[in-house]
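Supplied in structure tokens, the structure appears directly below.
Note that the chains take the letters A, B and C in the order they are written out, and that residue 1 is the start of every chain.
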Amino acid sequence: MSANQENGEFAPGDGLLVIDDLTKKFGGLTAVDHLSFAVEEGEILGFIGPNGAGKSTTFNCVTGTYPPTAGTVYYRGEDVTGEPAYQMVKRGMARTFQSFRPLRDRTVVENVQLALVPDRLFSMAGLRGETRERARALCERVGLGDRLQQTPGELPHAGMLRLELGRALATEPRLLLIDEPFAGLSGPEIAEISELLTELREEGITMVVVDHNMRGLLQLIDRAIVINFGAKLAEGTPEAIRNDPAVQEAYLGGEGT
Amino acid sequence: MAGKTEAETADTVGLTINPLELPRRHQLGLLGLVAFAVLPLAAPVEAIGFISSLTVLQVTGALFFAVYVMTWDVVSGYTGEISFGHALFIGVGAYTSGMLNVHIGLPLVASIPAGVIAASLAGLLIGFPSLRVKGPYFSLITLVTPIILLRVFVYFSDVTGGETGLFGIGTISLDPVTNYYVAFALFVFALAVFLAITRSDAGQILTAIREDEDAVVSVGLNPAKYKLFAFVLSGAIGGLGGALYVHTYAQGVATPSETLGLVLSIELIVATILGGIGTITGAAIGGLFFFLVRTWLRNVEVTIPVLAVPVSELYFLIFGLITLGFLFFLPEGLVPRVLMEAKRLRGRSAADAQPDGGGEP
Amino acid sequence: MVNAANLAVNVLLLGALYSLVAIGFTLIFGVGGVLNLAHGASITLGAYSAYYVTQAGASIWIGAVAAFGLPALFSYGMYKGMIRKVAGHPITVLILTLVAGLVIEQVFLVVAGTQPLAIPALVDGQTQLLERGVENNRIVAFVLSWLIIGALFYFVTRTKQGKAILAISMSHKGAALVGIDADNVYAYTWLIAGALAGIAGLFLASFLTANPLMGRNPLLLSFAIVVLGGLGSIRGSVIGAYLIALMDQVTVTMISTRLSGVTALVVLVVVLLVRPEGLFGRELAE
């Protein structure tokens, strides 16, 4: 980290995604409080904090769901603050939803297919065999190869997560923001998903994983940022985080390691 | 519903479609179109007793109505933004063309496109609130906009003809058979356009918007673009229908009740519910069916014994009750249900299903 | 020249009547999230109930009770019999209430015919007010309306059942947590709304007339009123009702009677686009 970064100041080029002095207020409530950090290309960054710490709000500001009250978001060196969410996806920043949002009126493979459809009013590309093939391949990539024709209603919890990932992957992201993937998963399932995410990293995708439960996360990530009450609490390797007294205090009596 | 929208192999999506290889229901549809195409020719033939020139007139009206119903379905059935005032586009198209023709003497070749453009703009105008305002509130806006327009029309009745209507508009033809073919051509055109849109990628996207707009955003698509597209398209064809209606079937008369009225807007919704929301073909069939049954009911000579009221006055009540029944027991509509039952009876597997962008064709 | 005193009297009275209608509408929306497009039917039912009761020979005051009670039962029945079953599908509910309202109109058209019917006044005679003769009936209607509004306000802020309504309209989950039975609350909200609309219908009919389509205009105005006042807010409905009544009466008397309702509807569209929560509405919590 440069001297500037240690002071909490980040320059646009410090990483694939750079958040500089991000603040988000809802009326009188400050959900995100002058938050700054950088995501380096090729890493898996953990974004950790107790419930209500402001993780989802930060996500939403970064991905364009709503603009921040103040602060800047840089993606690949460009200022993309406040750009609409669909635009961010086109730039290569995809996200999954914590409460999954599959399209329930169609099958798994059709869900992924939608992400492969070109953004044009007049197009038949999605109906061509080639697109079907790509969708099928993506489903297999995320472990849904044997569930292609099922509808989201028939999927188990882990399957819905895989569908979220599959759909996000179909947009060919360089940066993938994953919102609380491990909630509701069993130990073995967490290991499987972690393995999948590590494989994706090998393929060149940078990831930011949010979770409030550090248990499954610390093995997966390279680095972590801990926030509480909207502000950065700690930053560093999983080891450093685990032993950080401020972090331990924040999780006192909660879901610590 | 699994498998219903699975794409066919690359061959069939290509442009050569062999009628003999189409699925049964497509064959039936084509047969139906052919039957409609030759209907007026059969009219004078005595042997086919029930087809008379009155029937030609009625079917003409039914064809127009079915076009209107399809315009409703492509917006409300597909995007899920429920419009309670779709007659607006019909009325704007009809009155723009009619007024330009009557007051400025603009020839129909120019006034009809003007009507289409005006109605497309109306579509855009109604489409914008759908981007900002949530479901029921948007529906409220669609409900009151035609009412506002109607009352403004009544206020300016020297220009618009008020409640009695605008008379003396130029016509394309007064011959029932010619008018029939104009209506039929419009119907085929609208059907083709709407089917092309909804069976292409746009159809998948529109139904996805209906299902979960945030999910659509998350795959990098801008829902606003597609919603506005649906509204403008709906407005354009609705306006074209309204203009042609006034210049043919309505014999040069534009009345608010036939083109702008709340009852018309509601009838479009009822017809789509009966036929099947989000299918286009269901809407077309529902529209034809609704109009013909309504006409029949109006002409029926039966009187309900206790109330001493002729059935003809009760038609809206009857349709209202039927709609309520459908909403409860058959919400997906008649056509999808029939197709589902047929498929079940034939024991087809999901893999044989054909593509249709979001619902059974 | 506009007669200011006449205008004032009309606005005062109509504002009160529209308040009754709007409050019911906004409560149903506040608690259940339902835009009850059949609300106008309750108005019509109220008027016709009173009519038939007086035709049968009873006094108009009995008719008033009928105007209060029958629409209440109808509204309650609609909730229990229809709305509750499709509660999870807001689109279906909208279409359902719309069609139900139209069906009721049709029933009255068929049964009672299109002829406007007169309803006897509650109290006859006139009183001198501000150098004008004002019909006693109007004064009685005004006073009664405000008594009802006052009673309603008391009910909602002081009684347990009333407070439950407010609680649910603020947060469904929160209300469930404190053990409020939502279904029960919805049911009597619909009941109350029907009663209010019914009595408003009686009053409206007693100075205009009763006809099968009489519920339409007040319903349209109610849309504008509740959106302007803020969905779920009683205070907003009353203030909105007076604002809309004023705007509408000014338009009708100064410009043209043919533009009745237009200003209100334009206000509706503008408010929805600019400030959807209206004057006193809240962001409805999920």
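One rule holds for everything that comes next: a contact is a pair of C-beta atoms (placed from the backbone, for glycine too) under 8 Å apart; a residue touches a chain by one contact, two chains touch by 3 or more.
Since we're looking at a predicted model, the values are computed, not measured.
In terms of the stated touch criterion, chain A and chain B have no partners in common.
Comparing each chain's Cα centroid with the centroid of every protein Cα atom identifies chain B as the most central.
Ranked by distance of CA centroids from chain A, the top chain is C. Centre-to-centre spacing of chain A and chain B amounts to 43 Å, using the average Cα coordinate of each chain.
Chain A and chain C have Cα centroids lying 49 Å from one another. Between the CA-based centres of chain B and chain C the separation comes to 34 Å, rounded to the whole angstrom. The residues of chain B lying in touch with chain A in their complex are 1-3, 5-10, 13, 199-202, 204-205, 207-208, 211-212, 214-223, 225-226, 229, 350, 355, 358.
Those residues of chain B that touch chain C in the complex are listed here as 80, 82, 84, 129, 132-137, 139-141, 143-145, 147-148, 151-152, 154-155, 266, 269-270, 273, 307, 309, 313-314, 316-317, 320-321, 323-324, 327-328, 331.
Against chain B, in their complex, chain A makes its touches with residues 84-87, 89-90, 94-95, 97, 101-107, 110, 113-115, 117-132, 149-151, 167-168, 170-171. Residues of chain C touching chain B in their complex: 33, 35, 82, 85-86, 89-92, 94-96, 98-100, 102-103, 106-107, 109-111, 220, 223, 227, 256, 258-262, 265-266, 268-269, 272-273, 276.
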